[in-house]
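What follows is a set of structures to go through.
In what comes next, chain A is part of two complexes: it sits with chain B in the first one and with chain C in the second one.
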Partner chain A sequence: MTPNTATSGPSRRSFLANSAVAAAAVAGGMPLLAACGGSDSGSRDGTTSGKDAKKILPAYVASNVVTPDIPSKNGSSVGFTSKLDLAGLKTSVPKKLGKGSEVTIMSPFWGSPPKTDNAYYRAMNDLIGVDVAWQNQDGNTYEQKLGAVLASSDVPDVVVVPGWNMSGKIPSAIISKFADLGPYLSGDAVKDYPNLAAVPTDAWQRSIFGGKLRGLPMPASYVPNIVPLYRQDIFDKEGYEVPTSCAEFMALAKDITNAKAKRWACMDMKWVSFNAFGVLSGSEKPLGWNLVDGKLVNRIETEEFLEALEWARKLFAAGVVHPDAEMGKNAPDPGPKFAKGEFIIYAQDISQWWSRAAEQAVQNPEFKIWGMDLFGHDGGDPVLWATQPANIFAFVNKKASEAVIRDVLAVANVTAAPYGTKEYMMTNYGVEGTHYTVKDGLPTKTDQGNIDVMNAYVMVASPASTLAHPDFPDVTKGQVEWQQRMGAFTKKSPFYGMQIVEPSRYTNLSNDFEQLEDDITRGRKKISDMQQAVSDWKSKGGDKLRDWYQKILDENGSAAS
Partner chain B sequence: MTAVIDKPATEPSRWAAPPRPVWEEKPSHTGLAAKGLVLALACLAILFPLWIVIVTSLSSRKTIDEAGGLVMIPKDITFVAYQELLSGGQVTRAAIISIVITLVGTLFSMTVSVLCAYGLSRTGSLGHRWILMTLLATMFFSAGLIPTYLLVQSLGLTDSYLALILPSAISVFNILVLRGFFQGISQELIDSARIDGAGDFRILWQIVMPLSRAVIAVITLFYAVGYWSAWFNASLYLNDQDMMPLQNVMIQLVQKQEAPVGLGQAIKTGQLSGLAVQMAVMVMALLPVAVLSPFVQKHFKKGMLTGAVKG
Partner chain C sequence: MSNSTVPRSRAEAETTEKTPVASGGATGPRSKPSGKLSLKLRWRRDRVLLLMTLPAVALVLLFNYVPILGNVVAFQDYDPYISDNGVVSILNSPWVGVENFQRIFEDSAFWQAVQNTLVLFFLQLVLFFPVPILLALLINSVIRPRVRAIAQAVLYLPHFFSWVLVIAVFQQLLGGAGLLSQLLRDHGYDGLDVMTDPNTFKFLVTAQAVWKDAGWGIIVFLAALASVSPDLYEAAAMDGAGRWRRMWHVTLPALRPVIALLLVLRVGDALTVGFEQILLQREAVGPGASEVLDTFVWWNGVRNQDFGYAAAAGLIKGVISIGLVLAANKVAHLMGEQGVYKK
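What follows is the complex of A and B.
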């Protein structure tokens, strides 16, 4: 087994990223489009929901091939904690749907892509019955490449676009260059592809671009994905109690911190603070709006936002934050220092709960990482705001023939197979014996598996979000139960679940806020600077943007209600 | 005679020039020590980070976690990061690609640049002014990424090695430097060669080039370093993983540790830390420059400013 790690410092992208394996989605395809009204469909910006969306959305048919150990509740992922039983794997695609077309797929890739002709790709193609050729592109420069490719006349059959790359002209290119999948998927049509029919409706709603169903989604949790992770082993040893309010957190942090002994309480707690004070989600622009007394208010205009910044600033000022956090986004990977115990709390994507545990398991058996419940600032229940239920999409070229589109859907129908099926194992682990071995119900990737089975097929479409770490069933359980508890406090803001393209003149309007937030929490700028920035924001277009959003709301209604 | 010789000795020394200028005096011990200290500090400032990079690249995950990141004191030296880099033969193949691209690209760029600069340095050559202005314009205005991509694509260069050479083959700045140097070569030399019956190619090859060795060495180095360290063209124009040059493969190896959080990347456990791989990549990227620089340094010193005052 070739060892290495997958880690990342907190970055905008990491907050936006949603997990292929970890993340949650709505349990059922509840009819979530209550409002009705006019339509904005076909236009380049705006959104589609309400009645228009209802006509487009695929029917939801729950999959009963596999029963999860922990079913979804309050929008949590489904969890699988039992050991893997190879002989007991189910089949979710009994008949090969692929008709042998050649399909090129362009997708971002982080790492070294395997050879184009490798055992994993061959086995997947055999299973699907489609000849997929992968164009794996450098994930970090993907946006430039995407812009150039979409501008050219030579667009691959399928293009994977992560939400964080949808800026500039890319959203309008998506609308003009990619096919409407509605005729193949809307309503009952999706039943030809049972695994796609089991993809939650929320995720499909997000896949509507320019009034048409264009995307094949990777469903994700709407429960906030940032978890305050802490060193449970150190907490137990020192007798620390998990805090349940801002005051308790501060007291504990001061108790933990001993700069002389190189021990600090935490890294930047800004995102936890936002959750403690009930600040609207900052993960995507449309989610930052909420209806208050009939008027749309942006997160940056609220009292809570300033209070949250102030509390995060107080932590820095009290000296309980590790000095690395001063660097903000450029701070080094927190992994080694967390393992060393230089700080024992940090906030990151829920997936790190497992990845840190896995990293340390062999060489540091005492290390135990766990997730803290988010708390209300005064010790009450927190008010949490939902994140988007899908953020990575695969699109099919408009010029593709029907045969190719059908074959792409055949690919998606396999990649969206639920955990516990043969198709899931093949998509996520490769070929048994070649790419992974199973010992005591625990699949372990081989060297070959670590080279071949990376990204690629998991980027096309995924099942309702699933948490399954056969190596750490207790972490899986912890994650799902955390989501279930936090899901109970999670509310959906008016633009939840919608794919909204802001007019390009507003694109850069709020670019500087994140940096300003970081400057304020680190004491380099004052709260009054934020107030000034907000009033500038209003006069430079924020108020007009509000009217624009209001119009969408009036015409389409909210998806979440 | 004697009187004359004696005179200075008897005269007060105020008329005598000091035996040697101040800077030729034997330095004082404190001065020496201070200089030594400054130099040592300067060396340390350069060598210390390098030391950390090398030591970290040779450390296991355990050592790195114990140090909380960068490692200063070596412990349990392991080559596992280098094994990760060099296994699979990908790096070797990519290195060969990079070397060939650098050699062929530099040769091509130098040929075109020297020919162009020579032509532009001779007043009265055809379209001389107009061509110069056109070249200058490209220095200040570029078409931008997407039009350039579309051009390269419509020339059928995507997924070909030419895409790594042609779009960046010419640097106008380098041509101007060469041209400035060529203009400095005395016209008489060239005239006499012409009287002797030499044509332009012969003049360039046998008179101008040998006289411009320093500047040619420097410009060659500029081009070579450019080709060696370029990665963006490859990530833009190439889709075939097997064609990627070394820098792209290095970036990929580092990125493997940095995929967006939660993207279901293969998380692997064990001895290897992502940080060690990053540092190993850095060492490998430094190697060729470190090996080559002693040999080209002398040319660099001579050639850096040549042509700088002409334009």
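What follows is the complex of A and C.
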């Protein structure tokens, strides 16, 4: 949702209003104490909506600093493409709110983390008035560290947890280890932090865990975030056409691949395949459910799911996938080999469309990265499923003093500054002269900027989903327009927008499926193994989980559109 | 006990004065064995030494034995997050009896992990264990000290590389986009991806272990070789024994006790076949081929936060390991060797 435009706002709000009608909230609002000591953790699971949520949610105060050039449509981010007046940047945080506390933040990091003491971190700390020490962890294997860190007695002051890492007992840990931010943010209290007040309400709604406002959200567009990125320069040179069906993609991939010349077509295309076959979103467990003929069906039970795996497998079997992809999550960062042209298509978060472009801009001027539209497997329109309007959250340690909590909110208030402010520029571009240089009024990231200014501070909190890259206005335009085109095909599943904590006995049920998917696409397991796993899943609790979700649905109503 | 005339401590002075029998105990070959002394006398004789071991015993208790108590979580649905204190969490976690063990016995992934672990163990026993012995013999036969020092340094070095580095090197050389594959493709063959082939994964793991640690393993054998008296070789040579005869009849018998000892220790570690190394490559071949008991425990405990389940798996592993050590020790005794301990 975008605060700057009225178009998409009301529709999300109306969802909240609808759920307010079905006011009966699940037990999520019960006090934590009730959960301690008992064998039944019933008071921790469920969701919070309606009246209960309303009491907790921060007030929304729109902030208009710069009018976006491309307003939000079909759930897209807002886009800014016109030249930014770097000299006339506005100040959204007139007074340093930080009181100089030391704050440790652990967060996932995609790419190579910078040194812990670098010019960007120092400049941000100066701007905010805190002393943040970052613990950047590899984002791809983050869930493997999270559980251990949270079980230790040494939990950092702030821990960033992406929604897709909330399996096992992590939700329970979030509820018991992290502070209730309600006293600082609920209702009008948020107005002390104007930039947080401008964070869309549906992102805050997603930040309620165990009946308390615990998270600082990173708002996101609900349009699927995985874009098939390709090397447009090589496509143009070789005369390749962007494929619009699975068959075309396969033919093109075979055409591109020439292993002898160290050129493969793509990396793992599993996510693209899921979208091509209309498989329900795998980005979060509640989103994997859909109401079909009055009965909840999970993505893994659908025919499309198996078909999608089969097609992704065929790509591997055809030898068009770069060998690095065989290594799954432990594969090296795709960036350098993509730049070398060892493969020319890969699917990743939409943010890489810009970050790869920025990385290569200086030393590789020929390099042109672009996103291809998702396609229906038969060449028709794709059926896409919405992801959540906020999926990455920062939590504050329960043991943190009020001074530290206030300072964390000071950090968040700066990182959530909207586009067109000094704070946004510092958060996303760093220090002028060090991390970017200004040429013809446009900021261009330096090499140091591409190392230091990556995805750290934006994790603490972000403004309403914004796409703005003054150095690459055409990329910005491409990204927003891609979201708008894809947004037109995007549907919402019944549990869209809710923050649902599954009962702990079910949270691990589907943990092994991702690995099994990867085993199948790489030819190590068969489709029949998946069918077996699904039937095991049902008997081990999948069917009970279905009933549990049905109850949530009965109580809160469906968000499907 | 020393037989020097000057007592080294007050305690010794006392014992020398008052219990002359004990003072001869350790030195005189026919003296009364100390086991027959009364407890009181032994205490008076040994108390300083006993006191000196106290800090070490305390550390062992604190870090090796106290944590064993934590294994009770194997009988719980342990949730470490319900309090900030591990003990409080244990007290408050629900008890589930032997449910975790029942689940394990029904879990095919667990048995797959057991199978992988055992296969890897035997593979490493056959392919890895003899390598350091051969290398030690080889190094031992080098006479020029300089060549020998360089060879040793080169052999030791990989031991100090981290597994991340070792696997990265293997990936660059043998991976699907690595040196070997590219060389093959340049000459018209298909690429060869050794790194992601589940069928040969166990050989790959063994090869990596050999490359990294075989050189380090020779240290103990070299020490044993150094203790062989040159007289024996000379005598054997005088009797007309050739190179191979000397190795067979002099060198190898000298190494036998060390080999037996290391073998027993290795068997005790049989179910520990490389955690970090395998974890790093787990995704590349899938858990079917790569999951071993340690990674299974880690995956279920740390990754899935199913701590009770993981603890149960760890307990089973411990029980099997103890059984293996006892068995191996017995075999060593039957072979006439000391083994790790003797009753």
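The definition used in the following text is that the second predicted complex is superposed on the first by the 314 of 561 C-alpha atoms of A that agree within 3 Å, B and C clash if a C-alpha of one lies under 4 Å from a C-alpha of the other, contacts with A are read in each partner's own complex, and residues count from 1 in each chain.
Here, contacts are C-beta pairs under 8 Å (C-beta built on N, C-alpha and C of every residue); 3 or more make two chains touch, one makes a residue touch a chain.
Here the structure is a predicted model, which is why all the values come from computation and not from measurement.
**Q** Who does A:100 touch here: chain B (first), chain C (second), both, or neither?
**A** Neither partner.
**Q** Once the structures are superposed on A, label A:112 by its partner contacts, choosing first (chain B), second (chain C), both or neither.
**A** Once the two structures are laid over each other on A, A:112 reaches chain B alone.
**Q** Output check: A:379 vs chain B and chain C. Expected answer is one of first, second, both, neither. What do you get?
**A** neither
**Q** On the A-aligned overlay, A:173 touches which partner chain: chain B = first, chain C = second, or both, or neither?
**A** second
**Q** Based on the superposed arrangement, let me know which partner A:137 touches: chain B (first), chain C (second), both, or neither?
**A** After superposition on chain A, A:137 lies in contact with chain B alone.
**Q** Is it chain B or chain C that touches the larger share of residues in chain A?
**A** B
**Q** Is A:151 contacted by the first partner chain B, the second partner chain C, both or neither?
**A** both
**Q** According to the stated criteria, A:342 is in contact with first (chain B), second (chain C), both, or neither; which is it?
**A** Both partners.
**Q** Check whether A:183 is in contact with chain B, with chain C, with both or with neither, and answer first, second, both or neither.
**A** neither
**Q** With both complexes overlaid on chain A, does A:441 touch chain B (first), chain C (second), both or neither?
**A** Neither partner.
**Q** Jot down the residues of chain A that show up as touching in both complexes, chain B in one and chain C in the other.
**A** Shared contact residues on chain A (touching chain B in one complex, chain C in the other): 144, 147-148, 151, 262, 337, 342.
**Q** Of all residues in chain A, which touch chain B in the complex?
**A** Residues 1-8, 13-14, 16-23, 106, 109-116, 135-141, 144-145, 147-149, 151-152, 154, 162, 225, 262, 332-333, 335-337, 339-340, 342, 348-352, 354-355, 358-364, 428, 445, 449-451, 453-455, 458 of chain A touch chain B in their complex.
**Q** Name, in rising order, each residue of chain C that touches chain A in their complex.
**A** 77, 79-86, 92, 94, 109, 171, 175-177, 181-182, 185-186, 191, 193, 195-196, 198, 280-289, 302-307
**Q** Which of the residues in chain A come into contact with chain C in the complex?
**A** Residues 35-39, 41, 143-144, 147-148, 150-151, 153, 167-170, 172-173, 176-177, 259-260, 262, 322-324, 326-331, 337, 342, 399, 504, 508, 511-512, 515, 518-519, 522, 524-525 of chain A touch chain C in their complex.
**Q** Would you mind writing out the residues of chain B in touch with chain A in their complex?
**A** 61-62, 64-69, 80, 84, 87-88, 90, 145-146, 149-150, 153, 158, 232, 235-236, 239-242, 248-249, 251-253, 255-275, 277
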